Amino acid sequence: MNRMHRMSGLSAAMLATTMVLAACGAGGRDDDDDGGGDGGSTVGVTDDTITVGAHFPLTGVAAPGYSEIPTGAQAYFDFVNAAGGVHGRTIDYVVKDDAYNPTNTSKVTNELVLKDEIFAMVGGLGTPTHSAVVDFLNEEGVPDLFVSSGSLQWGDAVDDRPVTFGWQPDYEIEGKIIGQYVAENMPDAKVGLFLQDDDFGADAEKGVRQFLDEQVVEVQRYTSGNTDVGPQISALQASGADLVLAFTTPSHTALSQLVSLKLGFKPQWYVSNVGSDPDLVGSLLTRFSEGDVEGSSGSLDGVLTTQYIPGVDAPDNPWVQLWQKVWDEYGEDGPLTNYRIYGMSHAYAFVQALQAAGEDLTREGLVEAVEGFAEDAPGPQLAPYRYSADSHLGISGLQVVRIEKGVGEPLTPVLTSDIGDTEITEDTSGQADDAPPESGIPE
Amino acid sequence: MRGRARRWASVTLVRHLTVAVLGVVAVTFVLTAVSDFRAIQLTEMAYLGTAAAGLTVLTGLNGQISLGHGALMALGAYTTALLLPDREASTPLLLVVLLAVLVTVAAGVVVGVAAARLHGPYLAGATLALAVAVPGIALHFESRLGGEQGLPVAPPEVPGWALDAGYFLTGEDPTRTKFIAYVAWLTLIVTFLLLANLSRSRVGRRWRAVRDDEVAAELAGIDLARARVSAFVVSAAAAGAGGAMLALAVRLAAPGSFTLVLSLTLLTAVVLGGLGSLTGALLGAGLLTFLPQVVTDVGTDAGLSDIQAAQLSPLVYGVVMVVVVLLAPRGLMGTVHDLVVRRRRPAPPPPPDSPHPPSRAGAVSTTTKGTTP
Amino acid sequence: MQLLNTALGGLTLGMVYAAFALALVMIWRSTRIVNFAQAPMAMMTTFIALSVIEAGHSYWLGFAAALVSGVVLGAVLERVVVRPVEGGSDINAVILTLGLFVVLHALAGVIFGNRFRSFPAPFGVRGFEVGDRTIGLTGFGVFTILVVLVVMALLVALFRFTDLGLRMRAAAFDQEVARLLGVRVGRMLTLGWALASLVGSLSGLLIAGGNLVHPAYMDSVVVFGFVAAVLGGLDSPTGAVVGGLLLGLSLSFVSGYVGSQLVPLAALGVLMLVLLLRPGGLMGQAPTRRV
């Protein structure tokens, strides 16, 4: 009897001790860090630093390619910091890995917002991943800028998500633009769709079907956790599709190409810009077949894709020259790649926003600054931004290109559109002809 | 005789209730003092602990190894997500949790009946297959179950009475994060209370009898199948409750939360703490929630890259699990219990004629000193 | 056409599961333990092969490196880690091998990184052309099938026709008696694990060929290999191959015609069916019940 009392007393003590020990590192109650009481929230901002953060798949199936984006952004931030920062504040960029798993995204975002106390999230990557945290960020009022994904939900419902902004052209207009191109140039093609099984694929399908509804003969989906795409490609082959529009991440582009080789399936491919980097896909493919399939110079030859910022295949473009310079001075090991350029491009946009928000930096001020981005704000993008108080969708257009020996040969001029029924028109703003400022830092 | 037995039983209940109340007090104390971020971590400890408690009862008291408790947590989480899809959902939280538990119990009956016929590695393998199969179902029926993106969970607003109570106790309104933390810890305490009572009752004794010697148990009139299934069902209920809390804490029910790693993590927590020990399950859950950060920091200080350092904590768990099985198979609480017992009475010398089988490391199932609390 | 391709895919896949199941069967026969860590062991050796290949050497050198490291890994693990729990309670052995699973997984993450890397497949990744059609069988697929058949034949020959095999079987059947008869039981157990690990490494290489590898790439094989082994009977190497083939084919059909996400569920279904109807597997002996 005594022993039982003692054991339960012991366990009660252990229970209490466990809890107290666990909370020991807490450091007391958190003060609401509101800083400038009347101007707005200045969490994450001090007199000489701004802390921003993002979640990226640094490991996992989506890591090839995407894990390079934050390295580009970091290099550009280092470049800006070396020149004195923005209004005297240097940018502190915290990146956390979520392995493209929405549960992890939720966890690391909690850390970023509650522990690291970031001022804003810049470029959080992934449609399924960021969806898991977008409501939380909006509730907490953390500016959620330039999400690295083309889903519509970052910009089409400003009332529900007032602090979230997209950046790249959304998947629906991408679908519309390629859909229209196919309808005009390949009206007899039997079209198969190969889609990622989430908003990425769903938004793209919506855009494509506006023009190609009657031409679609087969739709297949994959989940990013599953690397076996044999059944889907088999089904596409069986349907007789001779043009496949693939909205896939780089790993799955490589896998689908490989399986198609195995099955002898040779349609005309279109691959979404998120997964069509020839160098990356090529490097994945070369190894598979022990050189049977050539590297970047041959891997995606003849494949159609779209483009909205200049890439490494255009080394004479003044923006690319700027990126190369920044990478050479501040980048880590490895060459400049299109993913790193993506990172630098949206880092550039963020610095523009910081400049516009002024010295008295608050979260609310930052959001207003982005909404007020002039349509012709200079930047590497080929088409103008669409930001306003009613829309937080980003770049408004793209160019259809065909990949030849790793270089994208333009097939159309820059075409712009918007979600829904908006027509597709040729861009006349001259955005594509912008050159970067001398210093490389926005004014 | 009868009167004494009844008194004894009620003493157990009273004792457990006292511990529970003390627990609630301790929880309130701690949760009011910590930051929101720490509260989220404590919530994680709570839901892992709830599920681990179920698992430790199943594996420690009844001898059935389950690697599929992650899948059962998934059932609880998805039920919660289906009932709380957005802010407008009107189902009261208590009902949501009860329904999640009910669904998991139903599944537990099915799995338990199938599992009752299996032993040892076969049972482990079958539950492993379950752990891998269940997320696949959510992925397949992606229109109803959200696919890879998962189903968002909208935790309910803090109810008025909780706001008032919180304000009364602490001087400020509890945030939703803290409210969920309270809910999770309350669920844990209730689960522990129920499990502790069950394990001290006749049901628990039957479970242990089945674990130790099937033949003798059957001869004594115990229905093997019923004992096994009941143990499974009870542990499934705990897992379901844990899953519901997970859904509320992460605000998402997605297949990515319920990987094989989760089931292995639960098993690690249980082994570390000591099979059969509820306190051990809680300790194990605590270690698993708070140790990763410590280990990762050690790793980055030692010069590893961020990503490598992140791999360090599962490495440490695995090593600890192996070491514990080899050297201290009774786990933390078991070893403590042994030390306490050994100090009180030295081991009697073995009778001269009985054969001594060479002691083998392990043999968890042969000691029948009863469960440690 | 799709039917043929699905069947061929299932055949190739089935052979791989058969190889893995063979490894599990070998360990079961020699030490009565189900080695849940077999998959990460194979994954580690495949990564070693990949390091060799990335350093510029030929595929076959990497192949050999994987097999050799498999033997070493199996022997070392058995001697150092597993020996203490052999003959003890089931739970401990299961927990131990699961602990090894976690350790090896994490170790691979630390040493080799978590990136997805592609792994070469010799003999070509294009399907064979028959007439003007391409069938879903590649050179590498044929290689896979042949290698597994050869290995199975070798193992059967080892156990049935050699003295060493007899000694290994004796050590597995009854350690005390075998010891009395002069069999070095400890050595036999280590050898059993080493051979099993060799076969496991082979299956790891075969799965990796033409695919993306990363520390978790063999995880699903743990389940499928286990199901295949149980399906054929944990005691029978031939059963392992038969089980592997059956499982590979059925899973391929489920994947192609029902949905690839339901494959693990189908595997679970197959497992439960076998365990409940024929607990000893298709070709094994049902365990007798001691009363």
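Letters A, B and C mark the chains as written, and numbering starts fresh at 1 in each.
Criterion: a residue touches a chain if its C-beta (ideal position, glycine included) is under 8 Å from a C-beta of that chain, and two chains touch if they have at least 3 such contacts.
Predicted model, so just to flag it, every value in this text is computed and none were measured.
Using the mean of the Cα atoms as each chain's centre, the chain most removed from chain B is A. Chain pairs A-C and B-C differ in how many C-beta pairs are in contact, and the one with more is B-C.
Centre-to-centre, using mean CA coordinates, chain A is 38 Å away from chain B. Rounded to whole angstrom units, the spacing between the C-alpha centres of chain A and chain C is 39. If each chain is reduced to the centroid of its CA atoms, chain B and chain C end up 32 Å from each other. Among the residues of chain B, those in touch with two or more other chains are 139, 307, 310.
In chain A, 58-59, 223, 226 are the positions where the chain touches two or more neighbouring chains simultaneously. Touching two or more other chains at once are residues 109, 113-114, 261 of chain C. Partner chain C is touched in their complex by these residues of chain B: 59, 63, 65, 67, 114, 117-122, 124-126, 128-130, 132-134, 136-137, 139-140, 215, 260, 264, 267-268, 271, 275, 304, 307-308, 310-315, 317-319, 321-322, 325-326, 329, 360-366.
Across the complex, chain C meets chain B through its residues 33-34, 36, 81, 84-85, 87-96, 98-107, 109-110, 113-114, 219-220, 222-223, 226-227, 230, 259, 261-265, 267-268, 271-272, 275-276, 279, 291. Per the touch definition, chain A reaches chain B in the complex via residues 3-5, 7-8, 10-12, 14-16, 18-23, 25-30, 58-59, 97, 101-104, 106-107, 110-111, 114-115, 127-128, 131-132, 135-136, 197-199, 223-226.
Across the complex, chain A is touched by residues 15-16, 18-19, 22-23, 26-27, 30, 33-38, 40-42, 45, 139, 142, 147-150, 152, 250-252, 254-257, 278-279, 282-283, 286, 289-290, 306-307, 310, 337, 340, 344, 372-373 of chain B. By the touch criterion stated above, chain C contacts chain A in their complex at residues 1-2, 5-6, 9, 59, 109, 113-122, 124-127, 129, 133-134, 136, 138, 210-212, 214, 217, 255-256, 260-261.
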